[in-house]
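Okay, so subunit A shows up in both of these, paired with subunit B first and subunit C after.
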Partner chain A sequence: MGKKLTEKQKTGLGKLDNMLDARLETALNSCVHCGLCGTSCQYFLALGDARFIPAHKVDLVASIYRRYHTTVGKIAPKLTGARDFNDETIDEMVDTLFGACTMCGRCIAHCSIGVDIPHVVLACRKMLSEMDMVPKSLMSTVNAALETGNNMAIPTEEFVDTLSWLEEDLQMDLDDDNAKIPVNEPGKKILYTLNPREPKFFPLSISAMAKVFHKAGESWTLSTEMYDVTNYAYYSGNDEHAAIITQRLVDVAVKLGVDTVVLAECGHGSRSHRWEGPNWIKEEYPFRIITTVELLAEYIRDGKIKVDPEKNTMPLTLHDPCNLVRTGGIVDEQRYVLSKTTTNFREMNPYGRESFCCGGGGGNLAMSEYNERRLAIGKLKADQIKATETEVVVTPCHNCVDQLMGLNQEFKIGVEIRTLGEIVADAIVD
Partner chain B sequence: MAIKEINGKQYEVDGDGFLQNPADWNEEVAQLFAEDDGTGELTEKHWAIVNCIRNHWKETDMAPPVRKICQETNVRLREIYTLFPMGPARGACKIAGLPKPDGCV
Partner chain C sequence: MLYFHWILLAAFLLCLLQLGVRVAKIFRAGAPKDYSAPIGDKKKAIGYSFTGAMSPKHKESAYLHLPTYAAGIFYHMGTFFGLLWLIILFTNLILPAIVIQISAIFLFVGAAAGLGILIKRIVAPKMRQLSNADDFISNLLVTGFQAFLGIALLMPQYVPQMMIYTAILFLYLPVGKLRHCAYFFAARLHLGYFFGHRGVWPVKHG
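Take a look at the complex of A and B:
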């Protein structure tokens, strides 16, 4: 028998007890160790460490399940490969399930029996979260969002000043005083959201979308109370925190009386707010919620904005955010938009549902602890980009943008990284 | 926590290469960090931005928004991204010796 469990370890196991349902138990019992997932995982491909094979990650969690939830595991753990939930196991879980998994979901597509591997990874993150074992830098990003309303702790005044500064510039650029960036205006059709890195450090994408909204004649607003499209509590594995953040968005949308919430270009933000959110708050949303990618496709399809592909003739490729393509099935919309706004688009290989992660997913961009690994696994993406011989990489995700900027520097790719909104804004003709 | 060695000198940095101990910062360190991340030789404009970031940080304990940097240094927004290829956060703030900001940067 193993050592007596500490209170903290009991807390983690208690969380596992609570989470065990048919979905999780099926995932924990189904892996046949065929090994196909190995070469689907960027960590294993780039670093060659067998601990990073998705099947191994699943088994790490399943070995705990067997130890405490099966008869053989309880009596003779060694017979069934069950492990004690001790500090060594827990450290390995933090290292491989936070620090060596972007939850990109590529392994599910290649699993011979379709085990939802990231679901197992997330379940274990939830256990670790319950035990306060979330890596410090990821937790600090979640805490900033919970305490200040946005993950970069931007004060409201600073945010508002930045928006009016951008509005002034927009009016000059378009030579039109009616071009606005509306804030807290009730009764508008759309509530738009942002990734806090936009107002803080990269506001060109805000100006681009404001131009698109203006040219489309859209009725829209931002909110100072809740504009953050991210929800890092999804990655830290804390459903209560995630629900608080989701509820804020719902409350503001209801208060302002909008029809539609449009999520800024953000992979995990789209997944959290659109697909996970109703489960966290246990309620359907009383409004429509879509991603910016879908909105841009809609505007072009419906002729709300006029675009000319000749405005963007540089060779350009597209990086697909994992959460949009593999979770959300949003694959064709971004390609449709690029087909109408650019003339020299080249796919990476592989792309779409088979696409590799940028390397910064799963909260890894925020986790300084695993910086070296994050850049190392990004080499696959860097090589893919280089092979396209393009000048611009478009990606509808601000998190991917930052990781790609890092890869651009690290692997000397020599490209510019842009959002889809920026490409569309440049293609607009009156 | 990690040790970063540039030109034979060692600095304590976080996993992302941001300086751990603010007291370690000086202009020579800034120049070394700039060469290390591909920013290159720091010009007068670079210094204006670095100093603006440091002043704001000393006053408020936070990095300034890029708007403030533009307004106080008269450098145009697009030019900031050219001056610092890693951007205002992983580029300029790191060179200015600030800790890594939270969020998607």
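Take a look at the complex of A and C:
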């Protein structure tokens, strides 16, 4: 059967064998190559390369499945397009399934059959991870999280210092010495998480949420042991690494005795910790876990914070993070929050479940190898933003913030990018 | 029953058996337990997966590609109609000539739609790049079935040849992508379960 397989290739195929459950078997046998999914993928729309049609991405993996798991594929591979698992195929998989797919899931609902395309892409990433073929930059992000506890390798001292001066600023801003940013305090109701980009580059978003918590009279704390809401091991396809990161969050939440973990504004972080995490550690969480978006909506709905939309009168639009909306079902909450805190909100077209990815998802923001491609596919989003003629783009995801800032610069959009928490904090009235 | 009836029946049973083995394999493989706390209604979502989520209004693969989508619908309707006619031919039911003629026209429309899809696959470079031999063979077999059946309805002397041709189609079906006729249902089921667990489906379209 083709050339003799190397040990590395055998490892990859072994991983595929182990993953073949009902869901994956189904996905690998369902695509009919109609090609109609092409127009749902921004890589294909922006770059026009047929390799980026989602059906082609599925076929990269399905062709390997057919070669090694079907009789016809073993005897007459050319009949069904079954491919050898060789270096050429593997290189194409790395380039296409890491470097040309944000796993945004937009193609799923539009597939004429209903193939779970990102699930197949993730399965292939798991194979490649087993073979140590994950792009180096993504792997170093995962390693940073594993080794230091956060993906930006921020030393604890630096983190504590940042929180300390943020707390001083908060007290001055609010003219209230009781305004705190609690750290490692046991017995609180909420454990709040952060995207490490916040303490590193956007500390004001921490202040914004601290202000919201203070005004809501919330019982909350941060943890220096585990505050990172991200889990890039989900994107690198390494379940063992992903489980280590999830377990840390669980351990800290249990140790502090909180009853709710609130996930910071982060699309993939929300998906990883809320939906995938329990499956990585094979345990149900002993606490409630929600996103910041849901919490903010809850505070406003319950009257825990008073907000005035007149505080945010600038024209403003919303970018929906794929993992929050398409695989998390959180679509209305952020719109509810904006309806109560702003006066001039305009939707992009398309929006919500139909929204296009910013281009930074799927770990692409961490994969510098594909920077050029990542910015090129973002043109679609840049054009959507321009069409709204707004001054501010709100997005409940720090990774999206980063990508949108890059697009802002690249395509000269001329907007300000803000998180939902920042908008709410600005709208708070006593 | 004549020899061609037996050949077709044998091929059909063999096809069913192979598809049955594949479906059994899916069930045997099983789905891992989901430990995350569900927030949705999986049953409703599965129902939605087969109904609302399939609506052409909500699928770019339909509303952005209307000619191809329409061709696909006619093609599939032709196939199902053809299968119904096979049963009728097995039962020796005598139907009025007008019904037979309209049926033949319907099958020719289905075959023309299939041919259109095949031509698109051949002509469009991006479709060619996406295709393998099975894509062309599968299309030819099904298109040919509809056309052949239409002819056999109008000229019954060709029924034996048509049934042997159809037997070949049934024998090939589990080999290539035509087996999506079984996996389609599993795919929709999985999507319904997945999105239902997370409260994403059913979507309330405003």
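Here is the rule we go by: the second predicted complex is superposed on the first by the 429 of 430 C-alpha atoms of A that agree within 3 Å, B and C clash if a C-alpha of one lies under 4 Å from a C-alpha of the other, contacts with A are read in each partner's own complex, and residues count from 1 in each chain.
Simple rule for what comes next: a contact is a pair of C-beta atoms (placed from the backbone, for glycine too) under 8 Å apart; a residue touches a chain by one contact, two chains touch by 3 or more.
Since we're looking at a predicted model, the values are computed, not measured.
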| item | value |
| --- | --- |
| Subunit B versus subunit C as contact partner of A:K340, first or second or both or neither | neither |
| Subunit B versus subunit C as contact partner of A:R353, first or second or both or neither | second |
| Comparing the two partners subunit B and subunit C, which touches a greater set of residues in subunit A | C |
| First (subunit B), second (subunit C), both or neither touched by A:Y370 | first |
| Subunit C-facing residues of subunit A, complex | 20-23, 25-27, 29-40, 50-51, 53, 55-56, 59, 72, 78-81, 108-116, 274-279, 281-285, 289, 326-329, 353 |
| Parts of subunit B lying in touch with subunit A, wherever the complex brings them together | 14-18, 37-38, 62-63, 65-68, 71, 77-78, 85-90, 100-105 |
| Residues on subunit C engaged by subunit A in the complex (per definition of touch) | 22, 25-27, 29-32, 34-37, 39-40, 49, 53, 58-62, 64-65, 68-69, 72, 124-127, 129-135, 137, 175-177, 179-180, 183-184, 186-188, 190-191, 194-195, 198-200, 203 |
| Touching residues on subunit A, where the partner in the complex is subunit B | 137, 140-141, 144, 151-154, 158, 161-162, 165-166, 195-197, 199-204, 230, 266, 365-372, 398-399, 402, 405-406, 408-409 |
